[in-house]
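Notes for the one structure printed next.
Going by the order they are written in, the chains are A, B, C and D; count residues from 1 in each one.
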Amino acid sequence: MTTHAITGRELGVAVIGYAFMGKAHSHAWRNVAALHPGAPGVRQQVLVGRDADAVTVAAAQFGWAESATDWHAVLERDDIDVVDVCVPGHLHAEVAIAALEAGKHVIAEKPLANTMAEAEKMVATAQAARERGVHSMVGFNYRRVPALALARQHVAAGRIGDVRQVRIAYLQDWLADEAAPMVWRLRRELAGSGALGDLASHAVDQVRFLLGQEVTGVNALTETFVTQRAGTSGPEDVTVDDAAWSTMRTSGGAVVSLEVTRMATSRKNALGIEVYGSTGAIRFDLEQLNQLDVCLDGADAFSRVMVTEPGDPYIDGWWPPGHVLGWDATFTHQASDFLAALAAEEEPTPSFEDGLAVQRVLAAIEASAAQDGTHVRVEQI
Amino acid sequence: MTTHAITGRELGVAVIGYAFMGKAHSHAWRNVAALHPGAPGVRQQVLVGRDADAVTVAAAQFGWAESATDWHAVLERDDIDVVDVCVPGHLHAEVAIAALEAGKHVIAEKPLANTMAEAEKMVATAQAARERGVHSMVGFNYRRVPALALARQHVAAGRIGDVRQVRIAYLQDWLADEAAPMVWRLRRELAGSGALGDLASHAVDQVRFLLGQEVTGVNALTETFVTQRAGTSGPEDVTVDDAAWSTMRTSGGAVVSLEVTRMATSRKNALGIEVYGSTGAIRFDLEQLNQLDVCLDGADAFSRVMVTEPGDPYIDGWWPPGHVLGWDATFTHQASDFLAALAAEEEPTPSFEDGLAVQRVLAAIEASAAQDGTHVRVEQI
Amino acid sequence: MTTHAITGRELGVAVIGYAFMGKAHSHAWRNVAALHPGAPGVRQQVLVGRDADAVTVAAAQFGWAESATDWHAVLERDDIDVVDVCVPGHLHAEVAIAALEAGKHVIAEKPLANTMAEAEKMVATAQAARERGVHSMVGFNYRRVPALALARQHVAAGRIGDVRQVRIAYLQDWLADEAAPMVWRLRRELAGSGALGDLASHAVDQVRFLLGQEVTGVNALTETFVTQRAGTSGPEDVTVDDAAWSTMRTSGGAVVSLEVTRMATSRKNALGIEVYGSTGAIRFDLEQLNQLDVCLDGADAFSRVMVTEPGDPYIDGWWPPGHVLGWDATFTHQASDFLAALAAEEEPTPSFEDGLAVQRVLAAIEASAAQDGTHVRVEQI
Amino acid sequence: MTTHAITGRELGVAVIGYAFMGKAHSHAWRNVAALHPGAPGVRQQVLVGRDADAVTVAAAQFGWAESATDWHAVLERDDIDVVDVCVPGHLHAEVAIAALEAGKHVIAEKPLANTMAEAEKMVATAQAARERGVHSMVGFNYRRVPALALARQHVAAGRIGDVRQVRIAYLQDWLADEAAPMVWRLRRELAGSGALGDLASHAVDQVRFLLGQEVTGVNALTETFVTQRAGTSGPEDVTVDDAAWSTMRTSGGAVVSLEVTRMATSRKNALGIEVYGSTGAIRFDLEQLNQLDVCLDGADAFSRVMVTEPGDPYIDGWWPPGHVLGWDATFTHQASDFLAALAAEEEPTPSFEDGLAVQRVLAAIEASAAQDGTHVRVEQI
């Protein structure tokens, strides 16, 4: 009978934040070694939150050795190598910068920050840290959907030719009901923006990821359909967008149509992506995340592929063909890639610079929307 | 044994044009009595075209009693009651106006005309004719898809609440191949515009039809991805758009995203419509034209309905449930509605005014696209 | 101005029966020349029915020159070349045999007959007639769905390898409601059988058509879930099956699973076919009759093809790609193929022998079902 | 800063077997506490396998404290409360019986055993153990697909009325290629049967689970399409079925059609279930395991529901609506239910008796297939 010891090279991880994203990232740290054994080992050391009782319960539940309430103190610990920032957006910059300066590798949830100024400061800090061998990443987890990683491979290999049109929409309905109450995500000072920062950030990242191109200019519009919602003591103003639209041009000459909303009655988490090229096309739907529709190399129709085959991106650690993965797998893959980059002493992707590039497009969208949809060049931001 | 006589009240029909649309409209006139026996009877009298030999063959094939080459002469005949204008767009105004002035009821194919000036003159003529009991209609046949007629009923009955967002895209791929040759539809002087007039006209009409609202303002962009194509004697310039995008606001406060293209590799005739309201949603795809996805009255998911049940719009003349209709049925339904309106001495819909309203939106889209997507109010056109 | 004359070589057609099938066949005769101009011309001469008033109205509506009540008299007319038998199944044999003996070419609706004895007599008559240049066909119209005709081409060309498994189900729901009243189709003496003759006949014909193989043995079961239904004067016994199942072996070593029912709540006209071979597979659904899912030549996934491309079976007479056909098109194609065979002086397919072969399988199914599912070899029938 | 201690009431778990199922069950034990915190805590104590080196690596990878090679020794340990049997089927009986006799709670992977005799002995042991408060369960994990658990609720609540027809098929293609080599699963002495035990066992369990009825009689057929495959030293005989079919009657008067195969080219893991009742219907596809199509309470069409809403079975421990679960979640749910039953001192379901009932139906299928499909009553087995 053999008892295996925890090896010395395991990396100690701290997650800051224990709500939805903290739970999802905890799931990833708990499972990454089992599913991707090639990556460096990790130790789920400490989960950090403001409410001592609640974070204690969460830490026990999610598999952490400890809980803590003071993230500054955690940054000083020698047994913490990785800090994973899952706090609300307005705190990303403060925590991530401190962690990098403390010499910790950092994952920051998306979007990178609520403002361009914060994002730029984060990038500067990340660049300086990188010089010292300290690495960072922004958590656009949908890059790690196997079907989307495969889509990128097909586009990069030229199998759909020159990309001309991208249709991307992210449709949710959790605010469609006027009676849905006020929440922090609907306050500009905390959330930065609404569907834009939350959903369009994913969409813009996918455009950059799938095409390997930059967004160069936008026309845009945003809308708040329900302008007041019930707060704890009466109606309160909603100060972010419910929905946003943009037509975008890219550095390679493609045109992208983007629509994001939290008001699409009956659509739960519908990130739909269509990419049309000169010799093929690709289609994806997040609600069917194990599938990819591909029309490659001059074919005339979509073929519906289950992206669960040996050799498909990220699949080898999982199950036999047709045994589908869940949404949570994207975080496990993200953790695996992050660890692999650390082991290779390379900067993981998407970098904070990628996060900033997305932020700049979102800022251009807001600027255009504020001017009745006038064209805004992204480099002007 | 009984031989039935053709009754005196049958309406004599002439179709001007015998290409794609002329064939489709001929199909409708040949079948309308059999499938919609309540409508006034019609006589397929004469098919008109410029090439005498070709139109003779076509007339025999499509079931017409005669063929002719001179449409002016046809307008003078007493046995012609209805003139159905299936010529290219730049000739719509001339033929339709002459026919109305000759006292013939007129159907004009969509879009109503290639220019606002022509469209306005057509409307003026139609209004004057109407005073004399002479009626006209523009051929937005997709209003007669049973599923879309049912969708309009649901919206009008309030079953999806206040409409907030409409997503409408019309995707084709017949120009995706750069080697596809030059055709008249790619010349501005003949076709007026490209995907815009051909495809967006349907889409804008559907927005007005389904919502019962006007488009009030647009931001738009158009693109020609392949700027030259092989003509009979060397490369020629493509002078119309390959694709167009618009974000539109409506009189009722909805926002519409529109995308039309002939470059969407692998998509054949994909008119997709999604309408999201405060208490429901509707989804449609022309390639599955017998289906409608409905989420009504606060339901939480789409129900996929076959619109082939007794009582569904236009269905009673056809087959039992589940026996699907083809694209051609829309023209038969259009003919039936046109005849029913004549019998009731009412103006059929969509009227030339409806056609002009669509035209005005298309002109606003072109104006916005010419100014880098600046917002254009439709009433300014 | 040119008036085209009806040529002397046009074939005079009589349809016997003016209910559902009579209407569908009339639609085909009315449209065949327009959509398939290569076939011999036809003249819609006479529609025959028992109720003089009703058939007069129907004849006028469906485009027939005359109506009649005495089909025997129609068979004696020199101006009738083709007799199209759309009466209920128990009358097929009598009318078809008389028509063939009168020297008329015959189409008999499916199933060929209600009994093996009738079917065998029809075949004998057809064989004798064929010697005299008089031809016949049984109306398995789904052979003329373009997608299924294309499927057969793929199978015949070996593009899915050796067929191993076929899954075929025909699901309807018009009897699911216990309150649905008694109708003639539920009486054995008139209808012969229930879902079996009506639906399984199509399915068995498709197995033979798609595979080019014979069914050699069956195990089967039938069920009547609602054994009494409301008649005009009280409850009456349902004496046919509501549903039937069979596992069948074919001459080429494939195994077929078959299920047909009129009790599948929410399914309207769902004929679903899946064919799995050693190197590919094919999938079809009648409710999406313009689509075919194909996995050919060792591919690993289904490609969803719109069977509306130039060169696809029957498509050249119709519309551009993506402009879908309806269920009625199958009858138009059937008429076209029938006429083309007459022009070529060949026996059309499927022949009465094909109809008999299907009948024999249905009889084997009934025999097996009567013996608790014991294996029955088809050649024993 | 708080460090949480492992409480005394945690249950020590041993998994026997570390291949595909051992990995999947390990995943469940690793995650159950995080996702279903209400259940008793567990300690991943020991992973057992025959190959010491391999199981040591696997234990470390999958999160186990220890590995071991001697399962008998593990059964004697006081710190082991639960034994999870993931060995090949021919060893289920030996390990499970010994574990129960050692006072350990047991989960046995499905199918319960390879033979009726083994299964019956396991049931007897389980019944005796139950008297002593020692519990057991068979691992039909698809009962824990949220969509199928919801389906069962709908059926049990009468929302589809009396069930009349069930269509169930489990289609895979990993043996479609004749060149696929010999493996242990194709040897009768090790695997018991082929698609039958592996796939039909799931299907039969679902029939019992969804309907709450017993299978009373079967007609069946099995087939081995590829009778020899390449072994390590030349061709070897395949001694199990590649595919199986059965028509089954249930205690409540329903008829079930069943088809299972490993030869369905292009189908990866397609467990499709359709249940038709007198007032509704339900449809499910394992490849889209977060969806359920429901037609309830007399509705006329399928509504496509994402089973990821608060209150849906098993969902509350997971993510917000629309964030889909993977196949692995079924094992986590199974572990949670097992633990909850232990906490409640109740026998978990499905019990070994349930496993035996499935086994009996599989045996009836084999008996019928051996007699050319003759009807076999299950109680005769």
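Just so it is clear, a residue touches a chain if its C-beta (ideal position, glycine included) is under 8 Å from a C-beta of that chain, and two chains touch if they have at least 3 such contacts.
As the structure is a prediction and not an experimental result, all values here were calculated from the model.
Engineer: More C-beta contacts across A-C or across A-D?
Structural biologist: Higher C-beta contact count between the two pairs: A-D.
Engineer: Measuring from the mean C-alpha position of chain A to the mean C-alpha position of chain B, what distance in angstrom results?
Structural biologist: Those two chain centres are 43 Å apart.
Engineer: When the centre of a chain is set as the mean of its C-alpha atoms, what distance in Å lies between chain A and chain C?
Structural biologist: 55
Engineer: I'd like the Å distance between the centres of chain A and chain D, where a centre is the mean of that chain's Cα atoms.
Structural biologist: Chain centres of chain A and chain D, defined by C-alpha means, are spaced 35 Å apart.
Engineer: By residue number and range, which residues of chain B touch two or more other chains?
Structural biologist: If we look for residues of chain B contacting two or more partner chains, we find 267, 299-302, 306.
Engineer: If you connect every pair of chains that touch, what shape comes out? Choose line, ring, star, complete or other.
Structural biologist: complete
Engineer: Which of the residues in chain C end up touching chain D in this complex?
Structural biologist: 160, 164-165, 167, 169, 171, 176-178, 219, 221, 223, 225, 243, 245, 247, 253, 255, 257, 259, 261, 263-267, 274, 276-281, 295, 299-302, 372-375
Engineer: Which residues, counting only chain B, touch chain C once they are in their complex?
Structural biologist: 1-4, 20, 23-24, 26-27, 30-31, 33-34, 37, 46, 52, 56, 59-63, 65-70, 73, 172, 174, 267-270, 286-290, 306, 308, 319-329
Engineer: Applying the document's contact rule, which stretches of chain B touch chain D when the two form their complex?
Structural biologist: Within the complex, chain B contacts chain D at residues 299-306, 309.
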